[in-house]
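Chain IDs A, B, C and D follow the sequence of writing; residue 1 opens each chain.
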Amino acid sequence: MINGEQYLERIKSYSREIYVAGKRVDYDHPNIQPVLRAFAFTYDLALERGYSVHSDLVGKEVNVLNAYYSSPEELMKRYDYQRELSMRLATCNYRCTGADAINAFAAVLKGEERERFLRLLREIQENDYACTSALTDPKGDRSKRPKEQKEMYVRVVEERDDGIIVEGAKIHQSGAFAADINFFLPGQTFKEGEEEFAIAFALKPDDEGVKYILQNTGVQAKQREGGEFEYGNPFGDRTTCTVVLDRVFVPWERVFVYRDLKAVRNLLMTFANSHRCVGAACKAGFIDSMTGAASLMIKANGLEKVSALTSRLGEMSAVAESAYAIAIGSAVKGESVNGTWLPNGLMANAGKIAGVDGFIKAMRHLAEIAGGIPGTAPSEFDLKSEEVGEYVERFLRGSENFTAEERMRIIKFIEFWLMSSHYLGALHGGGSVSAAIIFLQYMSDIKSKEEAVRKTINL
Amino acid sequence: MINGEQYLERIKSYSREIYVAGKRVDYDHPNIQPVLRAFAFTYDLALERGYSVHSDLVGKEVNVLNAYYSSPEELMKRYDYQRELSMRLATCNYRCTGADAINAFAAVLKGEERERFLRLLREIQENDYACTSALTDPKGDRSKRPKEQKEMYVRVVEERDDGIIVEGAKIHQSGAFAADINFFLPGQTFKEGEEEFAIAFALKPDDEGVKYILQNTGVQAKQREGGEFEYGNPFGDRTTCTVVLDRVFVPWERVFVYRDLKAVRNLLMTFANSHRCVGAACKAGFIDSMTGAASLMIKANGLEKVSALTSRLGEMSAVAESAYAIAIGSAVKGESVNGTWLPNGLMANAGKIAGVDGFIKAMRHLAEIAGGIPGTAPSEFDLKSEEVGEYVERFLRGSENFTAEERMRIIKFIEFWLMSSHYLGALHGGGSVSAAIIFLQYMSDIKSKEEAVRKTINL
Amino acid sequence: MINGEQYLERIKSYSREIYVAGKRVDYDHPNIQPVLRAFAFTYDLALERGYSVHSDLVGKEVNVLNAYYSSPEELMKRYDYQRELSMRLATCNYRCTGADAINAFAAVLKGEERERFLRLLREIQENDYACTSALTDPKGDRSKRPKEQKEMYVRVVEERDDGIIVEGAKIHQSGAFAADINFFLPGQTFKEGEEEFAIAFALKPDDEGVKYILQNTGVQAKQREGGEFEYGNPFGDRTTCTVVLDRVFVPWERVFVYRDLKAVRNLLMTFANSHRCVGAACKAGFIDSMTGAASLMIKANGLEKVSALTSRLGEMSAVAESAYAIAIGSAVKGESVNGTWLPNGLMANAGKIAGVDGFIKAMRHLAEIAGGIPGTAPSEFDLKSEEVGEYVERFLRGSENFTAEERMRIIKFIEFWLMSSHYLGALHGGGSVSAAIIFLQYMSDIKSKEEAVRKTINL
Amino acid sequence: MINGEQYLERIKSYSREIYVAGKRVDYDHPNIQPVLRAFAFTYDLALERGYSVHSDLVGKEVNVLNAYYSSPEELMKRYDYQRELSMRLATCNYRCTGADAINAFAAVLKGEERERFLRLLREIQENDYACTSALTDPKGDRSKRPKEQKEMYVRVVEERDDGIIVEGAKIHQSGAFAADINFFLPGQTFKEGEEEFAIAFALKPDDEGVKYILQNTGVQAKQREGGEFEYGNPFGDRTTCTVVLDRVFVPWERVFVYRDLKAVRNLLMTFANSHRCVGAACKAGFIDSMTGAASLMIKANGLEKVSALTSRLGEMSAVAESAYAIAIGSAVKGESVNGTWLPNGLMANAGKIAGVDGFIKAMRHLAEIAGGIPGTAPSEFDLKSEEVGEYVERFLRGSENFTAEERMRIIKFIEFWLMSSHYLGALHGGGSVSAAIIFLQYMSDIKSKEEAVRKTINL
């Protein structure tokens, strides 16, 4: 297992086509640096805190995010890792979709495709690669089928002896530009006649024709302006990209699903459950971070004795512990499929919903505690300005236990939580709440609940 | 392990002072019969579904509710049992406070008191007794300390060589009148000088001076009027009582805490966490029952194709699975104290809150699905009446797959869910939501969350 | 304008077929007496507080509930009357559907039908009759049209020279059995070919073939057992009935809509908006009552200084004032149709939703404040019993400012709020929340909101 | 009444000290231009839609925001103006605090102070000035009184014959730098001995020693980078500033409250109620804008037929209509104080809460409808880039009825709604929700609600 520094060296050796705000950029760009820091942190934290599991494939310990799990304990270890990463980064760790893909492939693939996948996984584990995956196609007009808007969805456009040519794009993709391996999975199921879309594969940094166009939120605009803490979180906003595949060649060795409608269905459900469940642990960590920030703000304002505020910390803890506990429960009540331990599907989807609701509640508590200042505060540049620095210094002070700058750091961090893309990320990451409800509606054993009632009331 | 029939025989052999609506009654009373059925069902279900754990004390399998747990697995078994009981009974199983007391005593007691307790526990296990516990004292004027209103709280009023005389009352007590063993624990912590209240003990059916005055809700009034299904649930409303102790003698052998402020504190927190956590599993089961009823109502109305209604079943499943998963997570992330495996305190309290919120959401979904009819329907007596039976038969019919009587049974069961004491029971059982929030506020490791933020923002 | 006593005398002179719990009963029945008290109270309060408007039809002041309104001021007067009635009765006043029908007829009817209606209205005003209306048909299998289950819906089955014969039933009807005039309106719109259901008319106490079968909730079972305050509210549970029409003759003079699909559509929307809007004022009054009860409970428990509880009274006031203010806003922003001042439709439907959500929030606040005791308290009969009265007296006492009986009266009143049919009544009265949302979706001027955005972003 | 162009000319003639991101800037700065556009729009809309009232002071029509109101009708006109402004600007109109101050002064001031105020008001009306007010002092350590941290709060530091010297700062101030008149009011009540803070006055553009330091949110960073629609809303983020008063001289003619604790109390409550009530109308307009955006997004995605999404538009309308109706109700049920028509205090505070809750609900509906794309979309610069523009064009297309650019404009506008400072502004504008609840708790007539219950239950 490598450390963050080693990851950074490797990643900077790649020459990818990455675009920010209309221009091609390299890995030193201020919108990319924070993402690299986040990736690097995942490596360092794994070493520091032992977030590894034993892999029979390579006969040694590997990062939790680069393994498929053989037991509830391993799966729980992932959730602990995730919660701590989310608390410490206060943003995306980017590698969780990689782990979801690895586990989905391990649970679903059979035969030759499984062998191919395991060979790649061995390589991943040997090199301690960072992996991500891309799922959502740009759907264009949602009232139409993929084929009616063929240029959009990722699909095979040519079949060769040595591999396939793929085209299309994926949106909402988090951090692929800073990963070693990019998995591509279908973002929905397909019907007969739509086999060209029913593919899953992996790309490597050298593959040609791949372009990454990054999102551009306000936090990212701030990142471009620099400052030490003005953009709130040194790990930056959750940075997604649109990944464009312009006639990209994929060798058969990295094609894991090919024109297989059923495999897509299984893969998608397995990935979704895996991702929704880890999302609950992730939201727990985010809420932990918000809780810490809220507590610091209370202290920076001298409000430790106002129970109407401090009790909100208890409410924030409640939603964090709930989301985390659901992930744990889901791990314990999971099942082994093809040697891979998967979380309980019902609980995973319930966890998605609890995570979203908890995040939104925590956000409101944080905002109520913080007051309006995260929206109205002057900037770090004002604090450090010759002309008005002294005023900002004087009027931004709170409790004497904090300097104005310290209080401003807290304020800017809270601004980050309240005005970044995380609200949307919480809602839609792993699919919408509605999608989770539909899963629960169809997968819950409502029949047995009906039966129980029938027995109770002698029906 | 005995069966329900054996329990019933034993319980009917006791001659307790039980009062309903101002009159002394016996075990055949229509407000008590449903409670006995619920107790009996706990016995039958344990046998049918194997809800037992091995006890070293007696060297055999004992009912899950009569044991303290030595592992997460045993604790999870309890939650499964609880969820199923709640789903099947659609009301209280009455024995869960007994199990909470057993686990709290096992975790907290030491020395001679522990020995006494284990001797009683052995007897309980040998006989497969039904146990309950009583905690809440009538607090009178809440602005005063217990001593300022001495006649209210349960307390020791005389110390003898062979035991103590206790006096006072406990309220909100569920089902003690139908149990073999009644534990009494303090309902709050006490200060120095208040040692007379710092006691815990067990009573048996033959103890003199004990009076049980039952609650009297609308469902219970309906129970007194009979009918086959008019009161909705054959297991009746959750039936609590006020237990009056009029100079009751307790031999030392059954006194487990005596004038010990610290033991009370530990006992109370252990009991509360245990009870709040099982409460989450309980609410999951209640929501299961409501979900089954909602699904039957949709079918009885011919509304299976209205997705705005059926999707609510998915939302109900979400809150049920959340509450249950939190209990499971709590068991896994628990800890062993004095050889007793206790649930994770933070998660237990988070589960309490999730259970309440989930129950209230599910109640609303059920009500939206059911329409107004559970409040406005004619009675079973009208359906069976010569004068208007034919009209009720005609106008209460829904889908042809259900007779009018079948639909009415469903309606009356839903009426039960919406107008029984369960809403209050969900809110206040195991203490209020506010109490859970305060626990979380003080027991959460907010310091480490602050530290995480400090590291992230370089504070 | 008559007083309550005069109403009672008149109503008791009618000999209607009323059924309770399978038996025919008269006006002295304990399930009917509270309803009569509520009706009577509407008369007395109108006199005491001047809830009247001038009617040109009869050239004098008439009860607000027996008039159609010519101005926002008159409509607001109705909302004030409604809020006060709901606060004072803590249950249905039964006459509000009468007022809604009167206003819907006045706004919609034209020509001869309007003349017929005005003649009846004159009679109503002259005699100060109590009026109600019935809308909801028992819909049987909801996947079928009315005609496919012809025996259910109210419909014309024979046309005569002097009038029509109607048959069918209405459910969810509040208090018709204790009113002088029963209006019947369609509960939904109909398609071509379904004209037989497109009728509206009025019945009088002497009409033959009408049967009233009353609901039977737990509160009503309690009412049958008597006691002074055991059933909580002297005005009883909201008492609805199923009204069966067994070949009832209606003279043309009282037929207002006959086989007219369009009139039905207008009538229904006008009635619904009118009823949903007054429902908001009604919920405000209900919440007022719950707020008063909560405040009394706080005092009876000696908890006046616990701000976590008293602040809930502020939250309850917030939802009450919101619901009421929406009704007022709706009156002011209403419109005159055919000389009748109708509330603003969008606001009326928004008020319905705010009323429901507010009611449910207030209910939870009340339950949190009250603690578990409204579900677990002994009965009035226990308090007055020779055997255990002294214990109940002692252990139910709270603050010294309240006797045990006083505290019990408060407790039983809160039990009423938490376990009566009002939760369902709030949700479904005037139609479900979903129906209100659909109205808002289609009637809101979303086009102009889109246009505003287009202008803002230059689209 | 002037138009927007005339306002712009006048405002640009002022040479104020304004700081953005650490540098002094002028009115052409990209963070100020959008604010000027918003101010200008208020002028144009008033002319276009007749948002004026007659002023006896100047004997002609004046802008609704520059008048105190003499009737409910005038107050309602203000709410209509506010709602339309909020819908059209999708951000702050900046002048509403000016109107609140004018009405608070008119209702509270007496004698010479009133005369001074009226003289200024006449000047305001004659010139159609834009007015704002500043209230919140930087409170430093909230556990200390203002005097213990004397340098923070705005206070009088010297009294002269011709006026006073004031010092301190105000935070959270919206738009003062772009207004003609800046009112200063105390942000809290004070105790005896704290008279130095008990002052209220007005500043003009020429006054020396005033510095405006602007907030710096992500939207503002985007504004600095330009683009045609990349920052979402041409009117920009709600732009507040910290106003520093560095020994500013105020002539007596513009001092309206001087060392008067009671006047401060009245002024503050009057201002707060006025501002909270208009805030409800404001939130209605914001929700209108979000609803329009949501509807456009549904269309741009081809999702018009998905009722699970379109029904959310109905829910959004419900909360908008509720908030607006409460403002209207508040106007109607208001009262005349000193010739000024003030909104009903209870309803105003209830409206504040309904506005916040409605805003947060609407935000979630908007986010659920929009999907993740407002967080993950490429930028306008990417769309227009030579290198990747063609890809963005292709993959961002939705329905054929919208170009990629049109869809992107909608997306960026939604990004604005979800990641601007409006969430915080909604929560804290006019004070926190907790403050509104406390007001309701103390000002509601809970006594009369208790009395009503006492009568109902014969207590």
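Rule of thumb we're sticking to: contacts are C-beta pairs under 8 Å (C-beta built on N, C-alpha and C of every residue); 3 or more make two chains touch, one makes a residue touch a chain.
According to UniProt, the chain labels map to these proteins: A, B, C, D = Aromatic ring hydroxylase.
Remember, it's a predicted structure, so these values are computed and weren't measured experimentally.
Between chain A (Aromatic ring hydroxylase) and chain B (Aromatic ring hydroxylase), two chains of identical sequence, the interface residue sets overlap for the most part, with shared numbers making up over half of the total.
Between chain B (Aromatic ring hydroxylase) and chain D (Aromatic ring hydroxylase), the superposing rotation on Cα atoms measures out at 180°, rounded to the nearest 5.
Put simply, the C-alpha centre of chain A (Aromatic ring hydroxylase) and that of chain C (Aromatic ring hydroxylase) have 51 angstrom between them.
Centre-to-centre spacing of chain A (Aromatic ring hydroxylase) and chain B (Aromatic ring hydroxylase) amounts to 40 Å, using the average Cα coordinate of each chain.
The distance from the centre of chain A (Aromatic ring hydroxylase) to the centre of chain D (Aromatic ring hydroxylase), each centre being the mean of the chain's C-alpha atoms, comes to 36 Å. Multi-chain contact residues of chain D (Aromatic ring hydroxylase) (touching two or more other chains) are listed as 308, 311. Contacts from chain C (Aromatic ring hydroxylase) toward chain D (Aromatic ring hydroxylase) in the complex involve residues 76, 87-90, 229, 232-235, 288-289, 291-293, 295-296, 310-311, 313-315, 317-319, 321-322, 324-330, 332-333, 344, 346-347, 349-351, 353-354, 406, 409-410, 412-413, 436-442, 444, 446, 449-459. If you check the complex, the residues on chain A (Aromatic ring hydroxylase) that touch chain D (Aromatic ring hydroxylase) are 19, 21-24, 136, 138-144, 151-152, 169, 171-172, 211, 213-222, 224-225, 230-231, 238, 240-242, 244, 246, 301-306, 308, 360, 364, 367-368, 370-379, 381-382, 384-385, 387-388, 391-392, 394-400, 415, 418-421, 423-425, 427-429, 432-434.
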